[in-house]
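Listed below are the structures to be examined.
Next come two complexes built around chain A: one with chain B, the other with chain C.
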Partner chain A sequence: MSYVELEAEAALAPLTVSPRARRRRLVARRFLRRPLAVGGLVVASVFVLVAILAPWVAPYHYATTDFNAVLEHSSASHLLGTDELGRDVLSRIIWGARASIQAGVLATALAMAIAVPIGLVAGYYRGWIDPVISRVTDVLLAFPFLILAVGLAAILGPSLLNATLALGIAAAPQILRVTRGETLALREEDYVRAAIANGASDAVILGRHIIPNMLNTLLVLATVTIPQAIIGEATLSFLGLGVQPPTPSWGVMLSDAQSYLTQAPRLAVYPGLAIFLCSLSFNLLGDGLRDALDPKTQR
Partner chain B sequence: MGSFLLRRAGAALIVIWLASVVVFAGMRALPGDPALALGGESRDPALLAEIRHKYGLDQPLPVQYAKWTWLALHGDLGVDSRDLPVAHTIVTRLPITLELAFLAVLFGATLGIVAGVIAAWRRGKASDYAATTVALVGLSVPHFWFGLLLIILFAVKLHWLPASGYVSFGQDPVENLRHLLLPAVVLGTGLAAIVMRQMRSAMLDSLTADYVRTARAKGVPEWRVVGVHAFRNSLITVTTIIGVQLGILISGAVITEQIFGIAGFGRLTIDAVNQRDYALIQGVVLVTAAGYVVVNLCVDFAYSLLNPRIRISGAPR
Partner chain C sequence: MTQPLLDVRELSVRFETDHGTTHAVDRMSFTLASGEVLGVVGESGCGKSVTMMALLQLLPPSAVVTGQVLFEGTDLLRVRGPQLRRARGREIAFIFQEPMTSLNPSFTIGRQIGETLSVQLGLSKRVARERTLELLELVHIPAPQRRIDEYPHQLSGGMRQRVMIAIALACDPKILIADEPTTALDVTIQAGILDLMRELRQRLGMAIILVTHNLGVVADIADRVVVMYAGRKVEEAEVHELFASPQHPYTIGLLGALPRRGARRLQEIPGRVPSLTVLPDNCTFAPRCPRRSDQCVAREPALAKVRPQHLVACFHPGVVEVAV
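And then the complex of A and B:
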């Protein structure tokens, strides 16, 4: 469907609805037309719900050991079998969702909280502050995301909280760069110039004109940063720099499973499948949101 | 073009210098006294003072930094906790990772470019959907899980390939490739997925461009239109993407080497971090950052060679 058709469709909506609500409804309709995006939303929501409700939905506690049922295949009592200590794999995956979702969401929120204000300042005020901030960003971007996170986690010491902090800080430079670029571009828009000519204060211009016009970009950026942080948490935990045993994390489970690849390869399959599905669902959600929010995309 | 490249090289040098400051400051921010770590179990003040003196830890920070940079510029990165020269350790480990990275790029770029061209050429057909879906899956698969799955299938179940270890190329070229095949596939998969997506969209753009329509109107055979006219111009975008992805390859190498038990540069990084070996961490991180910046600079060079518009106007972007 072309942009013109969409505009026509939007115009047909009842006139009593405000333009903003009409636009929101249009975006929702465009989003719902994409099966992959809807699937991503559903699966991602399931992971978030499971993480929140872990104590109620997990059949066992994550640390309950049963030495009479070690490395068991799946059965009615243990749907995904048990690990080397006789712990229920399904329960550990469900509890492990907590670490992943917590790290994914909090690290992204932290990265946004650091990067967006700094990016706004650099892009809006420019002057001497912009080159300073941009050079520092360049330096931080000179370290690959994961290397930066590994280094920060090493400085902070291994724990879930520190891994989350490290991932959040490591993800900030990319978001900062995008925010700055968007601000620079939006600052040149006619309506911003008009606001300046009208004598609007910086706070009003940023709060009413620049930030609202950037929200779509930031929303999409957040949905693609979350899976990055989820994989990052799993990687740090896999390397021993994140969640510490006995607390379950998908990365720790995979790291433990390495010793049992010959006896029980399934131990390495299920946690990885969880990481994969979780990050895939957020990626699909992000792709779908981007397409639905961007009036230029076809279909 | 000359001034553009000079400016780029100058900016790269500044970034490397600032990165060295960040690395140095970061190491000093680590909790704990490095002398205590180096002294092992000993708490003898005389010994600790001697260690501080030996590693220059008793001098002011700017002096320590100046000394460290001066020596680093001469290829001396100090000695690690086992008294081995850091630069030598890095030089022995780096070729292993470079070979792995080379094979991964070869695999990823070839697969990505071929799949991207086919997907764009057969747009909307089954092969397009298949390639696009596989690429999406490849993007979301975490390295370490994919690696474990390949080990389970090809090493544990089928016994076709070794699960871990490394044999140098000089020692036995066949064994060398057998050991590096799975790691290279693991490391190259993400790259293949990204290259495929970029190649597909670049080809789609090219195939609707005026010069392609002109070529078709002139009666140029279809394979030439797709394979030469559209393909050449799409390669420009993809070259940049591959360059940008090389940095991600460095992180990937850390994980891949950990899973496949390859004693390369990535494994060295993790070992240094786990052993809190400060001199080693400093050296490894500095080399990583410098390598990353130099690679990006090379991409700029390659890009300006491939794209005449930049060469003539001298204006980036």
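And then the complex of A and C:
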């Protein structure tokens, strides 16, 4: 949409509509114009809903075994077949979504909560605190994400909560690094200098000028971190450091499927597909949001 | 003489960098009366902006500032914390050269002006919005009811500079420091902004310090002019006096470089601005000066009165028969 159209639209909008509502509508329209983004939103929402509603949507309980129907192919009673204990694969994937979504979202939230404040302090105040924080971050970044998460999860002990904590802590250094960099760049902006010259306090500058202009970046970062954490949770569960059987998780299912790869490869394919689709949908959602939220985007 | 609103005494700024010391401003003194418009002119890099930034402690920590900046009796170089933030914005407001980037792209202009009002003056949202509309009207933004909810990228450069002025005016400051406010704008917009500043000064009785390298702008609006060269004040006079009888060869050079009707060719000043790594103990302009003598290279000329209200730092002052 061109500036002219934007202006015309602004002029036509009734004065009773608040600027925020008008802006929200504009963002929504821009978002809806992107098919991939909408697809991502739909798929991600389905995953989230299914995870929340698992007890109601799953055709069977995840632990219900049926030894008369072991390693069955897809059928009307078991849409995705059954596993080696005769448990319904679809039901286990649906229940497994709980662990994945929970780990993905909470770990990302935790990583943000740790990293953003520290990154802001390092980038805004500089001084002696910045090199100290940065060097510690460098050391942590030297470990690959999964190695760090595995190490932490091993120390904390195997459980979904501990896996989430481990993933959150392991994801923090990258977010910290980006936050610090963004802060460094934003504090040199003319509008920040102008705000300082006009008497704004540090809190006002951070809260009104630096954080809001960083939100797009953080949002994209979050949507990259969520799938990373989902995959991380699957990995930890696969290694036995996350969700403990019989509670299902996509990682646990993959791990169990290993022994039957030659007889029933579908047991690995279905949870793998779930991990893939879920991660991809969050990624696409994030890309779409970034483009739609950016006030400088023209379309 | 009544006490001036702002009294800057012997203000010096030097930057300690890895490559040595740069003496950006050397013993600048000037005063500003309330309601007065002071023009500060000089070429790029002569220390105009640094001087202004130093007044409100806006320079980076590598800057060493000495001297006194007396604002209504308090030394602004010694205030800290909340008192300093109060001085910035409420007493002395700044507008910068770059209107295109001096507004936060994430918020509507209404919120940005309103924020200043609520942060500095503690106004409620509703009152702040009313006042914002008034301010937008004051700076002649057409259709303020609509513009108030627009984002900076929807406004033109001149419009944004008006918004910057509105933000600066939000807290009713006693002094407005405008650092090259019109440089980034095209000429017709420039004239509009200058008209606005003149009007604001008349309506609000605000004192204005106008930093510029454009003598035309100064002639247009200023009451008094300070000419800076290489970090020092070389001449100061009432604006008419300065244009009628410039005394310092540098000022004469600047005026010669101003396009005028009937003039054959613009005169340039030969040479370049000296690097300021060592503080010279002679006249800083000597290497470029047509009137240079042994004296100029040996000692530093002191500021002397050639007439009341007209100061010059030169051993050989005087209006010259150079084609002006």
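Everything below uses one rule, namely that the second predicted complex is superposed on the first by the 263 of 299 C-alpha atoms of A that agree within 3 Å, B and C clash if a C-alpha of one lies under 4 Å from a C-alpha of the other, contacts with A are read in each partner's own complex, and residues count from 1 in each chain.
To be clear about the criterion, a contact is a pair of C-beta atoms (placed from the backbone, for glycine too) under 8 Å apart; a residue touches a chain by one contact, two chains touch by 3 or more.
Please read these numbers as outputs of a predicted model, since none were measured by experiment.
**Student:** Who does A:Arg25 touch here: chain B (first), chain C (second), both, or neither?
**Tutor:** So A:Arg25 meets neither chain B nor chain C here.
**Student:** Based on the superposed arrangement, let me know which partner A:Val150 touches: chain B (first), chain C (second), both, or neither?
**Tutor:** A:Val150 sits against chain B, while chain C stays out of touch.
**Student:** So which one touches more of the residues on chain A, chain B or chain C?
**Tutor:** B
**Student:** After superposition on the shared chain, which partner residues are touched by A:Leu280: those of chain B (first), chain C (second), both, or neither?
**Tutor:** A:Leu280 sits against chain B, while chain C stays out of touch.
**Student:** In the overlaid three-chain picture, which partner chain does A:His61 touch, first (chain B) or second (chain C), both, or neither?
**Tutor:** neither
**Student:** Looking at the overlay, what does A:Val139 touch: chain B (first), chain C (second), both, or neither?
**Tutor:** The answer is first: A:Val139 touches chain B but not chain C.
**Student:** Check the residue A:His73 against both partner chains and state whether it touches chain B (first), chain C (second), both, or neither.
**Tutor:** In the superposition, A:His73 touches no partner, neither chain B nor chain C.
**Student:** Write out the stretch or stretches of chain C touching chain A in their complex.
**Tutor:** Going by the criterion above, the answer is residues 56, 58, 82, 85-90, 93-96, 98, 101-108, 110, 115-116, 119-120, 145-146, 149-151, 153-154, 164, 167-168, 171.
**Student:** Using the touch definition up top, name the residues of chain A that touch chain C in the complex.
**Tutor:** 3, 6-7, 10-11, 15, 19, 22, 189-191, 193-201, 204, 208-209, 212-213, 215, 295-296
**Student:** In the complex, go through chain B and note every residue touching chain A.
**Tutor:** My answer: residues 11, 14-16, 18-19, 22, 26, 29-31, 136-137, 139-146, 148-149, 151-152, 156-157, 163, 247-248, 250-251, 254-255, 258-259, 269-270, 273-274, 276, 281, 285, 288-289, 292-293.
**Student:** Spell out the residues on chain A that touch chain B in their complex, using ranges where they run on.
**Tutor:** Chain A residues touching chain B: 135-136, 138-140, 142-147, 150-151, 154-155, 157, 227, 231, 234-235, 238-241, 251, 254, 257-258, 261-262, 265, 268-269, 271-273, 275-276, 279-280, 283-284.
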